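Take a look at the structures listed below.
Each of the next two complexes has subunit A plus one other chain: subunit B in the first, subunit C in the second.
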Partner chain A sequence: MNLLKKAKGFWGTIVLVVIFSVVTQLLINGGTLNSFYVNTLFSIGINIILAASLHLIIGVTGQFSIGHAGFLAVGAYASAIITMKLGLPFPVAIIAGGAAAAIAGLIIGIPTLRLRGDYLAIATLGFGEIVKIVFLNIDYIGGASGMTVTHLTTWPWLIACVVITIVVIVNFTNSTHGRACISIRENEIAADAMGINTTFYKVMAFIIGAFFAGVAGALHAHNFYIIQPPNFGFLKSFDILILVVIGGLGSMSGAVIAAIALTIISTFLSSYPEVRMVIYSLVLIVMMLFRPQGLMGSKEITSFLKLGKAAKGGVHHDGKNTVA
Partner chain B sequence: MTAKTPLLKVENVGIRFGGLKAVSDVNLELNQGELVGLIGPNGAGKTTFFNLLTGVYVPTEGMISLGSEKLNGLAPYKINQKGISRTFQNIRLFSDLSVLDNVKVAYHSLAKHSIVSSLLRLPSHFSGEKEMEEKAIEFLKIFKLESVMHEQAKNLPYGQQRRLEIARALAANPKLLLLDEPAAGMNPQETEELMNLIALIRERFSLTILLIEHDMLLVMGVCERIYVLDHGQLIAQGNPEQIRNNPKVIEAYLGEEVS
Partner chain C sequence: MEQFIQQLVNGISIGSIYALIALGYTMVYGIVKLINFAHGDVFMVGAFIGFYSITIFHFGFFPALLISMAACAVFGVLIERIAYKPLRNATRIAALITAIGVSLFIEYGTIYIRGAQLESYPDNIVPLKNFEIFGVTISGKSILILAVSLFLMMLLQFIVHKTKIGKAMRAVSHDMDAARLMGINVNNTISATFAIGSALAGAAGVIFGMYYTKIEPLMGIIPGLKAFVAAVFGGIGIIPGAMTGGLILGVIEALVSATGGSLWRDAVAFVVLILILIFRPAGLLGKNVREKV
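Entry: the complex of A and B
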């Protein structure tokens, strides 16, 4: 019964997303949405994937990683090599971008995830910079002048990747495996003492997060015509971090909402280049002053929808109001 | 298991941190079903000893074995899966998680559904999660926590948090339960409830329990045997009566008599 209801909710959402994407595609084809809006829409999509993937690492598992742009870069370059150098189709490039980033996540995750808190942050920051410098010095992929990439990212690919990212991360979080990750965030010593293989789950969260960052990298590379190592520096990592923090650490819907809102704000502010960063920073400062826990705190949108039902006594708990 | 083979056997175990010998030469045996106390003045190394048993620290000397299995050098999560579960001196709950989820986490290592089945929401995910939830609720009923199971653990009153921590430790289905000062900060009435609870779970789960405690009333009341640790060394063992009259123990607690 409950299972059926849940499945209905799931498919209902999917149908809505499909309708939304078809309508958007028609608007793009019909020219109602000009290229400015289309670009914004694509940036939003890519930022949602990035925010959701970092949310899994920081918000759910509590590992303060600030080298996310490194995974983005690995994904971008790996996918660009696949399409531009090897001439393989775009879907292969998306998967290869994700896989390359996931492997990078594994290699980086095993040694660095022994570190905690600020030490981990510094180590991952270092990783991001190393990736940038390495790409800067490989001539095969253009070095400092960057690599030109054909525009292959289309709306259906983008929306499909966004949906898959969200579904996978939400499914992971709302399962015993996600709970294991949350228990690490809450108290690593206790999690370890309760039989949770903390290293395994930290690395697992890192790999899944890195994979989707790599997917975002592939979409990003094939959207902007050119990729250059300096675009994947620590500033980019902080941009992603800000999305997760503003959304509310531990809230998936928060990360998504923040990704949408901040992308829109920063796009519209680009008409006022001289005050853009000032206003953007002000938004962040005001936000942190008045709502330090982030837009959503650690709650999910679904918990607000369920609030009414639960109050009537029909308490059904699916982990969503406490998990993440 | 016969009475002859001890459940837990600790032989000459010690650990040094640099030049400091925190625990040395501890020999201890626990038989199946026993309730044993570990006491000692502050800083005697009791919690360090627990940390050695649970793998938080790796002993620099000696052997720890559970049944026939050697535990030295195993990671804490593996030791938990082998059957030693513990609570902490300063409560370590998953405070943002609900009471129910706290217990579910302890069931994690017994879960049968894989990450892939959870990602794809295969039937095994739903059946696995459902089984966990039912088991966890059953458990909370034993501990009279089912009425607060959707509360965040951090919002529980202190006594209930202690109970929840014990419930969580037991949910991992241990053979041996280590309780680190379970009565710390409790009033006499709560302590008494705790004593009853310990007696109840011991019977119900046919557990072996080792507990660290400062509350002598509790220790003398429930423990069959007591080990006394001072300056990292065992100075006495025996039944409560023997311990109470042991001059070494009195000396450790009250200091030497001035002659």
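Entry: the complex of A and C
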């Protein structure tokens, strides 16, 4: 009975999303939505994927990674090579972007995930910078001047990727593996003592997060016509981080809502970039001082609507003992 | 050979700047276990204060250095009191995010106030000749940088080991609660640590400006990160470690640029960081501490 209810909620949401995307596609085709709105919609979609993937690493597993733009860059460049240099179709590029980022996540994850908290943060930050510098120095992909990419990201591809990302990450969080990840977030030593292979689950969460960041990178590259290494620096990582932090560490719907809201806000502030950054940083400081668990905490929007507990990201204990 | 020695001298100069910044990181981390991301931006503010006191108020190099150090000390204490103190009992992740927020706030606040354009330090603040030793030309600026930073490091060693506040700092970093029970004013000690660390960063800023001549509001990010790498390299929380880490990192970087990899220079520091974290997480001079439950 319960299962049926859950399935009903799931398919209901899918139907709603399909209706929404078809209507939006018709509006785009009919020209009701001008290119400004379309661009904003595409940015929202890409940011939702990024926020969801980082949510899995920081919010669910509690590993503080601030080099997420590195995976975005790997995905963007890998997919651009697939379409521009090898001439393969776009779906291959999306999967290749994700796979390349996942491999990068594996390579960087195995050594650095033995580190905890601050050290992990700095190591991932270092990784992001290394990726940027490596891409700057490879002439095959254009070096500092970047790489031009044809516009292939269409609305159906985007919405499909967003839905797949969210479904996979929510289901992962609710699975046995996801529970293991949540236990690592709550107390790594206790999780270890209960027989959970913490390194394995940390690397797993890292790889899945990196994969979807790579997918976002593929969509990003084929949406903005040009990719340049400096766009994937620390500030980009910070832009993704703030989505997760403001949405609530451990809340998927929080991350999605923050991605939608902040993308719209930053579109309006895009002509005043420094004002935007000042506001963002102030919001971040004030948020940490007065509501460190983020807007939604670890609650999901479904728990407010009482539609069921389909997407619960576990309960945060507000004590000092949180591993990260 | 001549080239090699010149690069070595360059490496030691930039390394001593890293060391000065790294000292602030390491002291703060030793006491409150917080990576003060805003430290690199205090360094930037120090460079700008030095620049304005030289160009607008026509001070010499040393008065500008002192003014910048004093102003940065006050600035560091303000940051600590406003942003970090309320979070002393919060989770580590919250403190880290706040530190990132403070860092971005300083950077973009500076851009908002004065714009993002470059400024260049006047070239003739310190009339120094270049020396020639064994056929190798060594710039006077490098010698001055080394002398100033060595003096400041010795001063720091004196403060930490011979004065009352230094003793309090060591006690608090060893065990904050026990220190409080012994009647040490922990809040003041932490503020003093921030003041000293920020003053060193301010000095590093002025020296950096004099050496590289170009300063801009985002200049603190990369030296700040590299100085953090230096602190981790030497063993975070250990003062002599930060000095050796800074110097070694500077020399490694200079040697990499000398062998033709100048484009890769910025990546080297992070590769060093990841290697040191994998093979010797406690750092060169650090001891492995067992985790207790």
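Operating definition for what follows: the second predicted complex is superposed on the first by the 284 of 324 C-alpha atoms of A that agree within 3 Å, B and C clash if a C-alpha of one lies under 4 Å from a C-alpha of the other, contacts with A are read in each partner's own complex, and residues count from 1 in each chain.
Just so it is clear, contacts are C-beta pairs under 8 Å (C-beta built on N, C-alpha and C of every residue); 3 or more make two chains touch, one makes a residue touch a chain.
It should be emphasised that the depicted structure is a prediction, and the values quoted were computed from it without experimental measurement.
Asker: Looking at A:F127, would you say it contacts subunit B, subunit C, both, or neither? Reply first, second, both or neither.
Answerer: Touch partner of A:F127: subunit C, not subunit B.
Asker: Between subunit B and subunit C, whom does A:A180 touch in the aligned arrangement: first, second, both, or neither?
Answerer: In the superposed model, A:A180 contacts subunit B only, not subunit C.
Asker: So, A:I189: does it touch subunit B (first), subunit C (second), both, or neither?
Answerer: In the superposition, A:I189 contacts both subunit B and subunit C.
Asker: Based on the superposed arrangement, let me know which partner A:Y119 touches: subunit B (first), subunit C (second), both, or neither?
Answerer: second
Asker: For A:A255, select first, second, both or neither according to whether it touches subunit B, subunit C, the two together, or no partner.
Answerer: neither
Asker: Per the contact definition in the header, classify A:N171: touching subunit B only (first), subunit C only (second), both, or neither.
Answerer: The first partner, subunit B, only.
Asker: Which chain, subunit B or subunit C, is in touch with more residues of subunit A?
Answerer: Touching more of subunit A: C.
Asker: For A:V278, is the partner it touches subunit B (first), subunit C (second), both, or none of the two (neither)?
Answerer: It touches subunit C, and subunit B stays clear.
Asker: Shared contact residues on subunit A, subunit B side and subunit C side combined as an intersection?
Answerer: Looking at subunit A, the two contact sets intersect at 189, 322.
Asker: For a test of understanding, state which residues of subunit A touch subunit B in their complex under the given definition.
Answerer: Answer in residue numbers: 3, 168, 171-172, 175-180, 182-183, 186-187, 189-198, 204, 250, 298, 315, 317, 319, 321-323.
Asker: Quick one: in the complex, what on subunit A touches subunit C?
Answerer: Answer in residue numbers: 62, 64, 66, 111-112, 114-115, 117-119, 121-123, 125-127, 129-130, 133-134, 136-137, 189, 234, 238, 241, 245, 249, 274-275, 277-278, 280-282, 284-285, 288-289, 292, 320, 322, 324.
Asker: Would you tell me which residues of subunit C are touching subunit A in their complex?
Answerer: 33, 35, 83, 86-87, 89-98, 100-105, 107-109, 111-112, 116, 221, 225, 228-229, 232, 263-264, 266-267, 269-271, 273-274, 277-278, 281, 291, 293
Asker: What residues of subunit B sit close enough to touch subunit A in their complex?
Answerer: Residue list for subunit B touching subunit A: 54, 56, 75-77, 80-81, 85-86, 88, 92-98, 100-101, 104-109, 111, 113, 115, 118-121, 125-126, 128-129, 132, 149-150, 152, 168-169, 172.
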